[in-house]
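After this come two complexes, each holding chain A, first together with chain B and then together with chain C.
What follows is the complex of A and B.
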């Protein structure tokens, strides 16, 4: 009997959950923009439709609610919402489906220098206002203990100049909501050897760790991914600091590191590494596109799935102009789905071991 | 001519000047203007018609950061994208108390019947920009984002009357989608004053450019469901006793457009929510 080879069936469209299914504990929420009114979350079962509020909608006229973000008062009455008496809080807020990034203290962000002033830089972090990076809140070359001098002010462009990318942490907020950043740690500083990509601001959620190291395939070494909470992502080749021979002190190490930290020269990056960097970047894009939370575990799984898809020869139709790393459209969806499946399997296996 | 369904006479004027290939529902006999007996019912029968205004495909699929909105009123087509709130591009746009609203209007050279370029300093363009920025500055909650700028960019791809009104609706859609805080929708439409040969006249909603040339008319925008008018433009002479009726019809028309926009936004928002965007 002849053997026939069937083309693979398209995978089932798993990601968007059934709108009719009741999801327990779903935070309510939602959205759309802006203002006026909306609702908050309660653990009870939601009605079938996902609640979306639109501008001008009155959420509630009950004065017991407090007005939170995304709501406003009309004619002295609280316009707010369908409430469920949760005694946890009486605060009504509306979360926009899509909005610009709002900085919070402690966020790890990736930014781009937009302007250099006499003692500070203005950094674009995808927020409503530029963030500030003060000369006094960076690590100066020559060790962290060094004092800032006027010479440093004069050569401020030797640290960061316009267009440079950096990773930093939000140190404080000004009254108008603008952020003040700092890079006083070896983890932070100028970015090089990699690839910048931008996803929507809500696509990366705050998590345990935003700096992820992946073991890349095809002998490409390790790849670092920095997931800025502001939706800016940096994917780069991992560079390990060479500890000087003779076991010198930590301070010495920091000194050397900080000298290298402001270099503008990329290292040599092999074509295989570049290829994997591109693939990882596309994985992040596909995950955000399909609304999957981006963290170390899931990113790893999606990356492995993307590799598998390439091995199986599954590439975008008519995408001959794109390389096999391309994860647009259907390929991306399948990679993300397969990655999620992998995570679920691993989780259930781990649970089984515990039992 | 008589209306096939109810026998009422109707005029040859089109309420929504759409291309029949775009919206076939428009060609149904029932979608003609009915001659109203009194003003309130006037606005009702007109509003029914308004539902046929094809506001098609309003949020196009684009990368998530900046999706433009697209609105058609008949053959008038406008695409609008909103950027903001952002750091002001010009120092003059910085206000320490509130966000400023800046508007760029661009007429495509091919949008009219004859090819004509309108420069940035064209008087008409400047006037539209300032009217739009004043309208939105009052409705957006600008105090929430001091020292920043909300930039609205409008491109008119095709002109067939009611241009300012279409711009307002397109900008509202784009602002809502961009998550800019606003107190309510701003919606706009145009109303013409029409006189029958027998001297009975009633207002017409949503003028095409041919109607704009021949009939006196107003453009008005209202905030939300209220009767609050945030923009009123009158460029021709209108008989004073007609004006009140025109306003009443226009306000109802704006309310109807608000419902249309709200429906589109909800559908889109629910889709995003279902996809897990939250």
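What follows is the complex of A and C.
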């Protein structure tokens, strides 16, 4: 079946958000658009009739409230972004239902070079403003402790040029909220040997580790997944830096690595690995689509479930010739549900061991 | 409306490593698409028809990558005028892309040209007696442009709307002013079953030896040649190359594209025709 056309689904169709998130005093409701809105379940004095506000709507005109994020003061108090409002004591803020990424110091992000300037790059990181990557905050080839020279400035495009993908960390924030990135670590730098995909910015939340290595099935080796907090995801074949024969020092290794670090040439990637890379990408997409947190544990579980679904020869009702690994639509939901079930089982088993 | 994705606005190219990865994956046999679809598989889409009560026919379609399109068809009685160009302007098509200037005539032309395929018999059904005719306005609103090329989304939604368009039945004589049956149950379809249906346009991208239907944005940029294939009924009525891509296209590839398009289109038509029947 090459095409599947579905009728529109009611809002309840999505999976509810992860129940064991840290916000236990809240309940989750659905609004008409199918977005999940968190509401504090403790009774509030203000009317609950407007959990969702639109820009320009007056939230309150009572002077006792303090103005928080997402609101602005006009004659009364108005909300500036679409979203649900929450109040902490006397602070009133509006959280947007859907927003671009807001950089914070220390975030791991995946970005794409949008513009090359004389001493810096402008990087698209799915934020409202372009991020900056200064020439002085990248690893220059030929030793990590080297001063930037005018030669480097002249050949700035040999490091990164327009369209190149990179993984970086947010080093600092400018006054206007734009991020300044750095790639001064062997973990960061240009991305090769893989596939880029984009999910919505809120789909990936900050966690312990954002670089996940999966043991791929079917002898495909290891697959690295870089989950950028900004919703940009990179799935690639795991590449281990080859230590030069003779067991030389770690600084030597770094020097060797930095020679090749700005290359644009992929390694040989076997078709099985490519297939698994595509499958992992589908898993990430399905998890964000069905509102499940993306981290190492859950990603592993969902990946295993996706493999199992394929083995079982799961096909959608009525059709049979779908791509076996395709996780769009209903198949994706099953895989994600099975994965979450697997996580829950593992958790309860671990709890049993402790007791 | 949400702002467009930055990389789409500025048209930032893909990185060389990414392009070569995609190109190699797509040239393998069997090819590996980045989202594991089979070469002829479409992304799932959501469609409904008859959503606007004040139109003669309407449809809405949501594409997998976020594109959304609404089409409304309205018909008006118009007096035949001697000065007009003739039946060719009896169908007026207006495409509006939200967030963009509306002087981009290209998309509208794509649909309009394919709708007015000679011999499809639509224009004959618009004639009302000797002095009057129906004028059909097709308004296409692209609420959120898809990340890939919108031609397929536009034509599929238009197809669905036109298939669900009904015109009131004429009860007056040929020489009189037109009088209509006021019972909507007796209205006649603009495209009756069994007659030549409205055409659709499918995008096909060719990479090496392989061809792919419904390409994503990345596949479009990694492809050698992008073809827009217009299909009407069981026949391919037009093939054109779109912008982008490098290199020409071989005779064998075109033959294959035409053959496979027909097979795929048959499935697409049967699926589209069943929209709205299930509920």
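The rule we apply is simple: the second predicted complex is superposed on the first by the 271 of 355 C-alpha atoms of A that agree within 3 Å, B and C clash if a C-alpha of one lies under 4 Å from a C-alpha of the other, contacts with A are read in each partner's own complex, and residues count from 1 in each chain.
Following the convention adopted for this analysis, contacts are C-beta pairs under 8 Å (C-beta built on N, C-alpha and C of every residue); 3 or more make two chains touch, one makes a residue touch a chain.
What you see is a predicted model, and the numbers here were worked out from it, not measured in a lab.
When the two structures are aligned on the shared chain, A:129 is found in touch with chain B, with no touch to chain C. Of the two partner chains placed by superposition, only chain C is touched by A:265; chain B is not. Once the two complexes are overlaid on the shared chain, A:98 sits against chain B and chain C alike.
In the overlay built on the shared chain, the residue A:52 is in contact with chain B alone; chain C does not reach it. Shared-chain residue A:338: touches no atom of chain B or chain C. Contacts of chain A with chain B, set against its contacts with chain C after fitting on chain A, overlap at residues 98, 114, 124, 130, 198. Against chain B, the residues of chain A that register as touching in their complex are 15-17, 19, 27, 29-36, 49-50, 52, 54-56, 70, 72, 74, 95-100, 114, 122, 124, 128-130, 176-178, 198-200, 202-203, 288-292. Chain B makes touch with chain A in their complex at residues 64-65, 84-87, 96, 141, 145-148, 175-185, 224-225, 262, 265-266, 269-270, 272-278.
Interface residues of chain C facing chain A in the complex, by the touch rule stated above, are 2, 5-7, 10, 12-18, 20-22, 24-25, 28, 32-38, 40-48, 62, 64, 213, 218, 264, 267-268, 271-272, 274-275, 278-279.
Across the complex, chain A meets chain C through its residues 1-9, 98, 112-114, 124, 126, 130, 162-165, 190-198, 264-266, 269, 271, 274-275, 278-279, 281-282, 285, 321-329.
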